[in-house]
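You will see chain A twice below: alongside chain B first, and alongside chain C after that.
And now, the complex of A and B:
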């Protein structure tokens, strides 16, 4: 037993854990972060898997990182640079393409080629979504109000709280009611008619979720992703210099400069509880570390079911965490390339390579991909969201060479017969073939690859089920119900023990809000 | 790769555009000014003949037995009463009576109309056309448009058109020929002067431009960019979307929306027309209850401004062109509104502004104060609420 005495221990050195540590250290608290792996970042990590080629292994873009966190922790001074990802390009099966460029007029012209009505709808839709996101966004930075303590049965009571809903029109309020219940497909089909446009837009409704675009409640996920787009001048949507690992490095550097200690290769075994209060942690290597409080930034399953003996927790909480939906549905294929993919629809190097490239020819295409996953197979024709980090940040690959990040859905965690090397290889091949249909040179361009299944996400990052959001962003797992009803305040039934990761309000994505709010709550409790 | 569009006149306009002063308008490049200073272009509008490329105006042809019904249903004006060859200026609203856009409706024949607008409206038109026998075609690219403005324009047109335009009345249109090419000429414009707009099949654009420039040479014809037009339209009391009002489809909050009454378009709202039209109920309510604010003219008191500048030993200094900056307007200590566009008027020798003023201060004759900057310090210049337009020559409608 070591005599180290800290104010707080943070379990997990992912971005939320680091944010929590930095805020605590900033307030003068003595903090130690315990990271299981040899590097910090968790799923927010960049690794040189092939010499010279830096892979954004898991998460690959950032949109929701809270601007106040960037300011408070002085992240730009610690190397954070969020570079623009200006466009989205969707190749089509008929040899054409549809794109959203960074310029409004250009995008309108482009969509107009396919459907004049969609070109106009696109403008109105963006504005309507932005208004809804604006109404709901302040909730991201505050504790989720529990509507049962205000207006019973009135889910929208919580939206009316505070000034943020004051300006919302009746029409938008109905829009909000719809978006809370509809499927992404139903909502989008009210606006658009062009198949690949529908497919591409619907994709943001299913990312990280074990649902298809026609499943109810996916419309909300779409809105969740939209929130990154409304910060205007200080918008944070883009690609972080150095990959998402660059974000973790910046937060880590800030935390260290504020006095936080970060220990890698420190795997936590259990939280030590004395008289109903968390007083430290026991490490796998037998060491014990004491502190006034423990903040767990890992997922709810580990937080509640692994680190804490069930005798310390109420049965209903244990029950709901056991039922917590955190099945992974996505994989990654990271490629080292000798040349850029050359798309038949728009040959040559061009602006399309600077933005996102989406293999999403229609809603049905994505829904069929989901059908495969539903019955335990990876999608034979998957949805792929591609970015080429080395075009945006030349330091990601050797000169003239490239790294390409392919986010893939669907790849079920519980694949029939379990994941093995052969299945992983076949999954990677399927993804490359899906890209090859539109960029025939891709296979020739590949120098090296890394294929990541949900099982790999779990084994590398330790996120249960390999779910990128620490639990799906479904309405019954959000706001005052994340991760469980009655326990959405970052506190747990164990005094001095807090949940500070993406499994807490307001949810996943590189946002930092759960880490920051958990730290604030812990300090409010007097640690 | 991806480029902004140019208009069918680009070959001519780009050769003439000395300062490389290009502006974006609805996805096109158009000339901001052809010369290094815009003064001569402004005076061409008021004194001779200004030739302005206005092709980026969105244009729709609405055809069918229900074409009039559709436009009657969407716009605030009584389209059923409109005669063939007539042009209406109108706004159109959402269900809450807030302006979506504004433009002109031309009745080309019994069942064919042309609508111009600032923003794309195909989706809105189509949504409202459900169940109606009507066909809507966007012709923005297919129809090139020149605005020909100024006191000499009638003479120039008479010299190059097949038929004289003397009989063409204000807000009417006629079919005509220039150098043997068919065109439509409407007596409309955005300057408040005598003027015409010429609607041309895009493939004939250059031929028409050349003929007008040749014929107009002895009458002071001048290619004019949109910056000079911007000054003229303020004098004419004409507002601009996204500058002086926000389309209700783009507004973030209700306070950013405007009704036609608030914008001073009372004369365009035909509450006496028999049928339902979009926004009718809300507009009837507003008509009864009065508007909370109005778009009015402000005439800035020159002597009062002189005093403010004299305090720091400066003569009054005003920008040489129209300024799209929001300037607060006060009565005593309270802000009662804001200016959305202000401009020096070279003709009137006045500093004028379009302002949004709250009730009851929008009454003509009310004394207010408008913020100006004097040697980097904010001051308030005395101004008076006046009726729009600031300038209306007798030949505008004659």
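And now, the complex of A and C:
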């Protein structure tokens, strides 16, 4: 039995857990991160699944990583390098394509040839979205108040929220209200008419959700993805050198340099509770580790229902967590390629290979993919978001060869009959066929592949339901309701036990915000 | 020149309610109705096919304070039946789920599907009583134009609503706050485990709307419909829903108000930004100090006022209002041997069934396996059909009427084998009919879908939810404003309060 006494134990070495550890270590606390797998990163991981080919296995792009975290933890010094994705290329069924390039004028001309009206609208749309994203951004760092409590602290929190709302212009306030409730399709169709443009833009509204672009409230997810920034450039998406695993490695390196300990192959079984207080954890192998506080960066279902006996939690919370929606709807197909995919719409190697390639020819295409998932099937014609990391970072693959990361929707966790090897294979096939329609050489280019279903996401990273955000970004699971009402500020009913992952405010994406805020709350509580 | 204090466009139930309140105050008012009968959607009509039916709504009741204030019982408003009829969810094996108004009887029926759900039923009913209270209070609250121009009484109204909610207790308050953006499926999933019980209740979330049970905001519409009906089943009106409109008409006339039918308003006359009166289709000009339009916002602003008289951004927002009605009605005159029991009968066997019916609407086709709600009155069977989208992708309603009728009858006939042979004549109302006959843009019964982004302070458009318009002395008072939707008359009552003396 290990009797080391730490100030804090972090369950889970994903990016939020690592951020929490780094902040605590930075404040002089003795911290240990317990990671179940043999490597850190969680879903922010790069693995050499096929020798020589590094797959940015689950997540693949970054934009929402908080600038203050990058600064505070000196991540660039620890190897963090984010390279902007300069373009999005959408091939069309008629052999044409539409693209958004790095150059504003080039993009405008590109849209103009499809629709002069859309070219006009495009600039104003970007401005409107940027304004709304700026307006709501402070929410990411606000501690959600509990509206049901009359406690002065919460009333003050509500007041602050009210003052924040009052600081936004009337026009923007209504804009925000609209965007939080509209469907991505309705919102976009008020601005644009070109189908592949609509399809591509609407895709941001449904990433990681179990909703379609015509589902109400998906316009919010669109805004959520718009809030990112790289080097101060608003809304730019980027690729991290070394894949998203490079981000985890940088944070891990920073945490270690600040004095945090990281242990892999350490699977936690339970939180040890004495007199209503968390005093440590018990590992699956029987070891016990003591600490003043425990921060769980894994999903809310594990955090509340696995690691803690139900007798320590109020019935309401247990009920809420059992009802917490965490349906995975996405999969990944990672490919090792012998040659670049050659798109008939724009043949040859070119700028398009440095950016994102989106199989999203129209809103209805994505909506039909969603319909399949609703009824327990993976999409016959899936939405695919593709990047080719090796073009931007040649270290990801052997010379002349490439790795291709394909994010796919929809593939429901609860597929009819359950996921098995045959279904996984069929799912992978469907994705390759979807790409083949636009790049016929893809099949012969494939040297090796890794197909990941939501069930695989769950079994590899342990995220319940395989939902990439540790819980869907639904209106009733956000802000003061995430992961549950009354428990939306990182504390739990067990003293000294905190939730620090994407299942807490402000939600999922590679942000690091939950980890940082949970660490700050724990320190405020005096660990 | 004895100018009218107020002209009300549209003798629907909201227009009539507003007229009655104003006339009772001694105002000189005139109601102008395009059709030859008053009542709008709240009518019981005789069809040339030889029978009469509640054309669009199978039941409903005005807010109790309206009935009281306008003394409507003395004007012929029938008392609603003491006991409500049951809500029946049809099952393939004919062992239907019968949700009787008596909680004990309902629980007995639920028990056959899930003992746990039967046990939760009474608590669920208590909770829905709370949500009903909240919805009714919210609909009685004028939604101010936040955060500017917040006057004292509007602020007080909001504060009262907030306090009302908070006093329900933290638990129920959060259930309601969370329940509003939820899907109807999630809403019922919080309480029940049986898909059959869930689907039956969830169907209230989609009834009358172009929304799916798996769409966000149908938690709110579920609460809304429950509040308007006072429960699951319709509160039928003895003699037909038209009796409500008749009583309102009598009240208006008795208080000294004028009502003119066959008087279509062609334009609202505007001088710079002030409303001066109306122009009828026959060329007659009628001046007035104030005008209330109870027609839908799109018709009111884009047709009657005209975009040239309105700020460009206001026009853009109005054009963006989503109407897209998808309700059709099929009324059948039978020989009485149809076999359909009394009550509100629904075809909502599972959540997936309801969702699939809605999918058709997304792609602008008619649901081949529709959601139906059926009521009977004597020998008349009235079928409410969803989804029948106004804008069809590869056809038009002129060509699809027969298809709609067949679908409705055949689908219902699967559960009631005697139905087809019992039919003597029928009358169908497609979304196009709803637009042309009843003046509903895109056939939308709600004057604008009651979606999350078109409700409360965003209804009809953000910033204009307090019945006022950019035109001085012109007010909007129909279902398209906050408080509207359903036969409550709330919008009409509210707009009468808002008019500056």
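Methods note: the second predicted complex is superposed on the first by the 494 of 527 C-alpha atoms of A that agree within 3 Å, B and C clash if a C-alpha of one lies under 4 Å from a C-alpha of the other, contacts with A are read in each partner's own complex, and residues count from 1 in each chain.
Basically, a residue touches a chain if its C-beta (ideal position, glycine included) is under 8 Å from a C-beta of that chain, and two chains touch if they have at least 3 such contacts.
Here the structure is a predicted model, which is why all the values come from computation and not from measurement.
Peer 1: Looking at the overlay, does A:350 come into contact with chain B only (first), chain C only (second), both, or neither?
Peer 2: first
Peer 1: Return first, second, both or neither, reflecting whether A:108 touches chain B, chain C, both chains, or no partner chain.
Peer 2: A:108: touches chain B, not chain C.
Peer 1: Using the touch definition from the top, say if A:186 reaches chain B (first), chain C (second), both or neither.
Peer 2: Touch status of A:186: second partner only.
Peer 1: Taking the superposition as given, does A:116 touch the first partner, chain B, the second, chain C, both, or neither?
Peer 2: Only chain B; A:116 stays clear of chain C.
Peer 1: I'd like to know which partner A:475 touches here: chain B for first, chain C for second, both or neither.
Peer 2: Only chain C; A:475 stays clear of chain B.
Peer 1: Contacts for A:285 in the overlay, against chain B (first) and chain C (second): which applies, first, second, both or neither?
Peer 2: neither
Peer 1: Using the superposition on chain A described above, determine whether A:275 touches chain B (first), chain C (second), both, or neither.
Peer 2: Once the two structures are laid over each other on A, A:275 reaches no partner at all.
Peer 1: Figure out whether A:124 sits in contact with chain B (first) or chain C (second), or with both, or with neither.
Peer 2: It touches chain B, and chain C stays clear.
Peer 1: Going by the contact rule set out at the top, does A:214 touch chain B (first), chain C (second), both, or neither?
Peer 2: Only chain C; A:214 stays clear of chain B.
Peer 1: Chain B or chain C: which reaches more residues on chain A?
Peer 2: Larger number of chain A residues touched: C.
Peer 1: Give me the intersection of chain A's contacts with chain B and its contacts with chain C, in residue numbers.
Peer 2: Of chain A, no residue contacts chain B in one complex and chain C in the other.
Peer 1: In the complex of these two chains, what residues of chain A are touching chain B?
Peer 2: My answer: residues 101, 103, 105-106, 108-110, 116-117, 119-121, 123-124, 127, 130-131, 134, 167, 169, 350-351.
Peer 1: Which chain B residues qualify as touching chain A in the complex?
Peer 2: 1-2, 4-5, 24, 26-27, 120-124, 126, 138, 249-250, 252-255
Peer 1: For a test of understanding, state which residues of chain C touch chain A in their complex under the given definition.
Peer 2: 146-148, 166, 170-171, 173-174, 177-179, 181-182, 186, 189-190, 211, 214-217, 320, 322, 352, 355-356, 359, 362-363, 451-453, 457-458, 462-463
Peer 1: Quick one: in the complex, what on chain A touches chain C?
Peer 2: Against chain C, the touching part of chain A is residues 147-149, 165-166, 170, 173-175, 177-178, 181-182, 186, 190, 211, 214-217, 316, 323, 325, 364, 367, 371, 374-375, 474-476, 481, 485-486.
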